[in-house]
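Common to both upcoming complexes is subunit A, partnered first by subunit B, then by subunit C.
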Partner chain A sequence: MADIKMKSVDAVIIGFGWTGAIMAKELTEAGLKVVALERGPNRDTYPEGAYPKSIDELTQNSRHALFQDMSKSTLTIRHKPDDQAAPYRQLAAFLPGTGVGGAGLHWSGCHWRITPEELRIRSHYEERYGKNFIPEDMTLQDWGVTYEELEPHFDFAEKVFGTAGQAYKVNGKVVGAGNPFDADRSSEFPLPPMRNTYSAELFRKAAAEVGYHPFSIPSANASAPYTNPYGCQMAPCTFCGFCSGYACYNYSKASPNVNILPALRLVPHFELRAECNVVEIQTDSTGKKATGVLYVDSQGNRVTQPADLVILGTFAYNNAHMMLVSKIGTPYDPKTGQGTIGKNFCYQNENSVSVFFDNDKYTNPFIGAGGNGVACDDFNADHFDHGPLGFVGGSPLWVNQSGSKPISGVGLPSGTPAWGSAWKKAVKDTYTHVLSMNAHGTNMPFRDCYLDLDPEYTDYLGRPLLRLTFDWHENDIKMIRYAVGKMQKIAEAMNPKAIKVSVKNFGEQFDSRHYQTTHMGGGVIMGDNPATSAVNRYLQSWDVSNLFVVGSSAFPQGLGYNPTGTVAALTYWSAKAIREQYLKNPGPLVRA
Partner chain B sequence: MPLSTSVPSRRSFLLGTAAFVPAVALTGGLQRPALAANPGTMLPYTPTFFTPDEWAFVVAFVDRLIPSDAEGPGAVELDVPAFIDRQMGQPYGYGKLWYMHGPFRPAPATLGYQLEFTPRDIYRKGIPAADQAIREAFGKRFVDLDPAGRDQAITRLQEGELKLSPVPAQTLFGEFLKNTQEGYFSDPIHGGNRDMAAWKMIGFPGARADFTDWVDRYGAKYPFGPVSIKDLGA
Partner chain C sequence: MTTQAIPTRNFVAALCLGFTVTLTPPAIAQNRDGADPALVAQGEYIARAGDCVACHTAPGGKPFAGGLPMETPIGTIYSTNITPDPKTGIGGWSYDDFARLMRTGVTKDNGTVYPAMPYPSYARMNDADMKALYAYFMHGVQPVEAENRASDIPWPLSMRWPLTFWRWTFAPNVAAAQRATPAVEDSATADKIARGAYLVEGAGHCGACHTPRGLGMQERALTKADGDLYLSGGGPIDGWLAPSLRNEPDVGLGSWSEDDIVAFLKTGRNSRTATFGAMNDVVVHSMEYLSDPDLHSIAAYLKSLPPRDGNIQPYTYNDTISKALFNGDASVRGAQVYVDRCAACHRTDGKGYNRVFPALAGNPALQSGDPTSAIHIVLSGSRMPATMTAPSAFVMAPYADILTDQSIADVVSFIQTSWGNRGQPATAEQVAAMRKSATPVPAMGQTVVSSETRTTGP
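Let's turn to the complex of A and B:
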């Protein structure tokens, strides 16, 4: 164990998931010498994804083959600012990634674009519903970037990911039966929509019957052979059903490993170092300039990597953690509302309805793909009149059959005992005759939902853990109850044997014991004012101008859609600003 | 042999025991050819983690969590006890998959597991405490109860009505239930789900993992049986 100092590079990237890989590609294209540091091991389709060993629910999902190593680090959670926090000791509600590819190696593939209104959510709600509509403690704010500015980057990211989907409107012209609520696009999806499962088609039919507007979910699971702009190839998805939480064995699911890394490997001025855990971003004596990073390698050496430019892409809340331990920016204080690091933590507000059919109707839930399915957007974003409803936000509704496996995935009718003969009979009678639909709702930011450093618990290196203070608020419970009520109509239109509705009750607290999603946001949010945001519209730190913080950490509020499509577009948008503006004239890109 | 007697009671268990061999002796050799006719029969297995007393408790417990009956196989005949014993030797058993740094303090249930006990600890400390509490409540050790009595005892653990220390009853019950379902439904390479019988019962095709030609055969039964990673030569 030694102290080592490396030769300086043009840019160092912390974390090699989606954001790190995109930045590495963009910055090396600009000619920069780039080093990427990833805390977890090297990973790829072979060996981690290789068939048949990857088709193993126990090893991959129950025993977390690919997820964050909890023995080394976690975060602590409490519901309210005055509560005592407790460590999130066992993975459950969310499954953060580690290793080359990050969660991008084992995500699902639902690939969305944020709606234009959500990018200017406060302005939009105030314009449509009046100044008093947004509750006082809801810390809603605009992103400082428009859909039109991001559109070319959404478009390019979809081409990199090989996304399969049906466009609705391209350059102002309706081109097909896509999502009629979609904003305008500059081109079609690079691949046609996937075929769908029976469950998803039942949803499509029933949703149309009750007057909604169903469409195929855009999915980064390839619907046909494909070569992306980087020359990386994908093979058609086989609907293997071992997708969410698994590395794809078939080069069909977009990942940093399949869609970007093969191209980066050919770049001589790029280096990827695995098992290098960055402990802090170092700054000079002014605190205004990053000088590089300090990391601990697999041998326990403490290594300094100097760099002119630092990119922080360690996933959502981890970005806030790195900012806090590196003492960059002002920590958020929920009492005064001052400070920005840790502000506006948001999650996904998700509930479901299970639909049970007779024994002669097979839904075969083991058939599926992570991003596959049919959705309707009638109650998402601001596609419906919120005026009389009294809540902010919304929820797409969908059947997203990603493949349910028997250890974790069997939805059983209400009243089924947890064990014994009756349980077994219920599993046997149900497993191939059930479908599950989800309301994948927004979670709005509140003054008392935030991230800071835990005063007590530490990681394996002795650094303080991140502390999450988070609970559901009435606004979000109102919203999800409304959305699930709308979804129940779809379920009933399927003429099922039975349905089971799972929805939050008023007063219900955040429960970390059940998987919800790994879609967290906020903590290092973007905006147009350094008093209320941590990074500017280009994801550049207001405080340290040679530091860019990429990921859903920039989201000022939670989305109905899954985040990665928007994360990827924002990363390309930030990279463009670095390439075209920052490198020519290093310094703040926006004057405070 | 009817189910209720196919699971070793502690007495029959001990009768066959001189040393640590009994788990094998009980289920070994002669019984194997008659497997189909003997629901509840395990393959020979010598536990490496569980002691003979614990093993008898485990076998009897998982047998009630997923009993053998006309609907399909039970946990014992699919070697779930052996699966659990093997898991205790894995990093999982040692709590290596969890954040296990103190202080350990009570917290709202919604914040998840907060005890210092690894899965090995949960069984090692939980089983004797449960057996003691059951003896006090029912006048017999768990393995000496009849199936209905065992079900009552399990229910009282599940509901937390039997007070155990230091491992709470619901923690022990929860660990048993989770591990039993894992052993019942995981790939046979892990030592449970023998002959993929649980998958066959529910219609799960295991590691087939290619439904390109089946995704849009709407409403039809998938006609092929399961395959295991074992069958695929890995």
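Let's turn to the complex of A and C:
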């Protein structure tokens, strides 16, 4: 173990998931010498994703082959600012990834944009519902960027990901039976929509019957052989059902490893160093300029990597952790509402309805794909009148049959024993005759939901753990109960044998013991005011102008849609600003 | 890294292929001391066409510094240092020394090199190209001080005088060779087939693998004019069969268009199949660097070679198996293994996916009487080469650990005979024999994915 100093590079990227890979591609195209540092191991479709070992549920998903090693570092969790936080020692509610590809290797592939209103959510709600509609402790704010500005980047990201979908409106013209609530697009999806499972088609029919507007979910699981703008290729999805939690063996699911890394491997001025865990971003004596990063490599050496530009692209909440341990920006204080680092932690608010059919109706839940399915957006974003409902936010509803695996995937009717012969009989009776539909709702930011450093617990490097203070608020429970109620109508229209509704009750607290979703956001949020946001509209730190912080950490609120599409578009948007503005004239891109 | 640790390769394999690990190819012409940059660049291009780096670089070694072990029937020989280092390389060689070695196999000190060096092909290169190549090796390659390693061949076989007899017997007269394969310099304006002949019979030395060899290990034909053995398919090399490049409608290129051949050489894949085995390195180190007009010339020339047997009927697709599998009938021997292990990518109809997963139906490699390559690929898996224009290195994972000899024999027999394929079945004994030497396809990079192992091309 030694202290090593590397030669300076133009840019260092912390984390090699989607954001790191996109930035590496963009910045090397601009001619920069780029080093990317990934804390986890090198991973690729082969050998990690090699068939058939890759579709071993016990090894991969149950025992967390691709996820973060919680024995080395984790976060602590509590509900309220006065509670004692405890470490999240076993992965359950959310599954942070590690290794080359990051969460982009084990995600499922739902590839959404964002609605234009959600990017200016405070202004929009105030305009439509009045100044007093948003609760006082809901720290809602605009993103500082518009849909029109992001549209070219949504478009390009879909072409990089090989996204399959049906457009509704292209350049102002209705082109097909896509989502009628979708904003205008500049081009069609690069691939036609995937074919759907029977369960999704049942949803499409029933949702239309009750007056909603179903459409195929845009999916980054390829529906045909595809070559992206980087020359990287994908193979058509086989609906094997092993997407979320797995490296796709078939080159069908978009990932940094499949869609970007092959092209980066040919770039002489790019280097990816795996098993290099960044300890901190280093700054000069003024604290206003990043000088590079300090990391620990796989041999335990402490390595300084100087760089002119630092890109922080770790998993969602880890961006806030890196900012806090590097003492960049002002930590958020929930008492005063001052400070920005750690502010507006947000999650996603999900509940489900299971629908059971008679034994003559086969749903074949073992097939599926992570991004596959049919959704309706009638109760998402602000596509419906919130006035009389008294909550902010909404939820897309869908059947997203991603393949029910033998360990995790057996849905059983209410009242079934959890073990024994009655359980076995219920599994036999229902496994191929059940479908599950989800409300995948927004989570609004609140003053008392935030990230800071834990005063007690440290990680294996001796750094304080990140502390998450988070609980459900009445606004979100109202919203999800409303959305699930609408979904129940769709379920009833299918004339099933039985329906099982799982929905949050008022007063229910966040339960980290059960898987919900890994879609976290906030902590280093974007905006147009340095008093309320950590990064500007280009994701550039207000405090350190040669530091850009990319990822869902920039989201001021939790979306109903899966975040990856918006994360990718924001990263391309930020990269464009770096290439076209920052490199010509390094310094703050927005005057504070 | 010591060379002792490196496994040796059959010399014929090493001759044109190098190791399967990524070699470090030369940096873009360095032009160290003011030589004409255009000439040096032309020389680099010819060095690519001749794939010099493949043999003259040891795994993990410096480009052109030699040391690659090659196994011959009489012992292991090592490729030589051809960097311009004056002491250990060819820095002290005049142009005439260089040209004589390249064309006649005779070294500066009047010895004769082992015929692993394909000088019978290089003899065809004209003075302009040879001078450019010389300029490149003198001025575009970094000198490396690395002593040549003596062969491990025991006395008396280590005596080199018989090589002179080999040369007298098998190597062509240079003037005659150059008349037989006239130099044609520019694909853009030239007769494509003639330019293709110059590239294939000359620098490209395709026949080293794809032409059968005689008892003296000599290629039995060196040009199209030598007869229909030329490029009619070589013997197994490291467990891979070099197929015919003539226009047999089944085992050769008869069903391929010129564009199919160009895509194959440039990107390692086309709408029909993908490269595998030894050809991967040829694509990565050599073919992908050639210009499109030159690739079209090569393809046009190969399309001009008539089939050895003019009576072979073209392959026609037969949908019997495909229908049976679609209907859930996997009762044919090997079909269940195929459905479980292969069909997700290659599909039950055997047609694969365009440029992604190779078609098995009609694949020339599966019309062969010798199932060597198919057995090898099932045991070892395979990786498509990552090329500049097609960077995705699709991997088929190895099945050696998963399937028994009999299962592999069954599934290979199944793919060799389904969908109208006319290959011969495989036996468990053949699989067992191949299993001894088959190694799993390596992972791409271990802890560092560094592009330093690669340059961008011309």
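Here is the rule we use: the second predicted complex is superposed on the first by the 592 of 592 C-alpha atoms of A that agree within 3 Å, B and C clash if a C-alpha of one lies under 4 Å from a C-alpha of the other, contacts with A are read in each partner's own complex, and residues count from 1 in each chain.
Note that in this section contacts are C-beta pairs under 8 Å (C-beta built on N, C-alpha and C of every residue); 3 or more make two chains touch, one makes a residue touch a chain.
What you see is a predicted model; the values in this text were computed from it and never measured.
Enquirer: Would you check which partner chain A:A592 touches, where first means subunit B only, second means subunit C only, and both and neither mean what they say?
Expert: neither
Enquirer: According to the stated criteria, A:V174 is in contact with first (subunit B), second (subunit C), both, or neither; which is it?
Expert: neither
Enquirer: Can you tell me whether subunit B or subunit C touches more residues on subunit A?
Expert: B
Enquirer: Touch test for A:A92: subunit B only (first), subunit C only (second), both, or neither?
Expert: Touch partner of A:A92: subunit B, not subunit C.
Enquirer: Between subunit B and subunit C, whom does A:L389 touch in the aligned arrangement: first, second, both, or neither?
Expert: In the superposition, A:L389 contacts neither subunit B nor subunit C.
Enquirer: After the superposition on A, what does A:I4 contact: first (subunit B), second (subunit C), both or neither?
Expert: Once the two structures are laid over each other on A, A:I4 reaches no partner at all.
Enquirer: For A:Y51, using the defined touch cut-off, is the partner it touches subunit B, subunit C, both, or neither? Pick first, second, both or neither.
Expert: In the superposition, A:Y51 contacts both subunit B and subunit C.
Enquirer: With the two structures laid over each other on chain A, which partner does A:L461 touch: subunit B (first), subunit C (second), both, or neither?
Expert: neither
Enquirer: Have a look at where A:R195 lands relative to subunit B and subunit C in the superposition and call it first, second, both or neither.
Expert: First partner only, subunit B.
Enquirer: Just subunit B (first), just subunit C (second), both, or neither: which does A:A531 touch?
Expert: In the superposed model, A:A531 contacts neither subunit B nor subunit C.
Enquirer: Check subunit A for residues that touch subunit B in one structure and subunit C in the other, and list them.
Expert: 51-52, 236, 238, 240, 249
Enquirer: Can you tell me which positions in subunit C touch subunit A when the two form their complex?
Expert: These residues of subunit C touch subunit A: 341, 344-345, 353-357, 381, 383, 386, 388-395, 397, 402, 441, 443-452, 454-456.
Enquirer: Using the touch rule from the top, collect the residues of subunit B that touch subunit A in their complex.
Expert: 64-67, 69, 71-72, 90-92, 96-101, 103, 105, 107-114, 151, 154, 158, 177, 180-182, 185-187, 189-190, 198-199, 201-207, 209-212, 214-216, 218-222, 229, 232, 234
Enquirer: In the complex, go through subunit A and note every residue touching subunit C.
Expert: These residues of subunit A touch subunit C: 41-42, 44-47, 50-52, 100, 225, 227, 230-236, 238, 240, 249-251, 258, 261-275, 298.
Enquirer: Would you mind writing out the residues of subunit A in touch with subunit B in their complex?
Expert: Going through subunit A, the ones touching subunit B are 51-53, 55-58, 62-64, 70-71, 73-74, 77-79, 84, 86-92, 195-198, 201, 236, 238-242, 249, 361-362, 364, 366-367, 405-407, 410, 418-421, 423-425, 427-428, 431-432, 456-458, 509-513.
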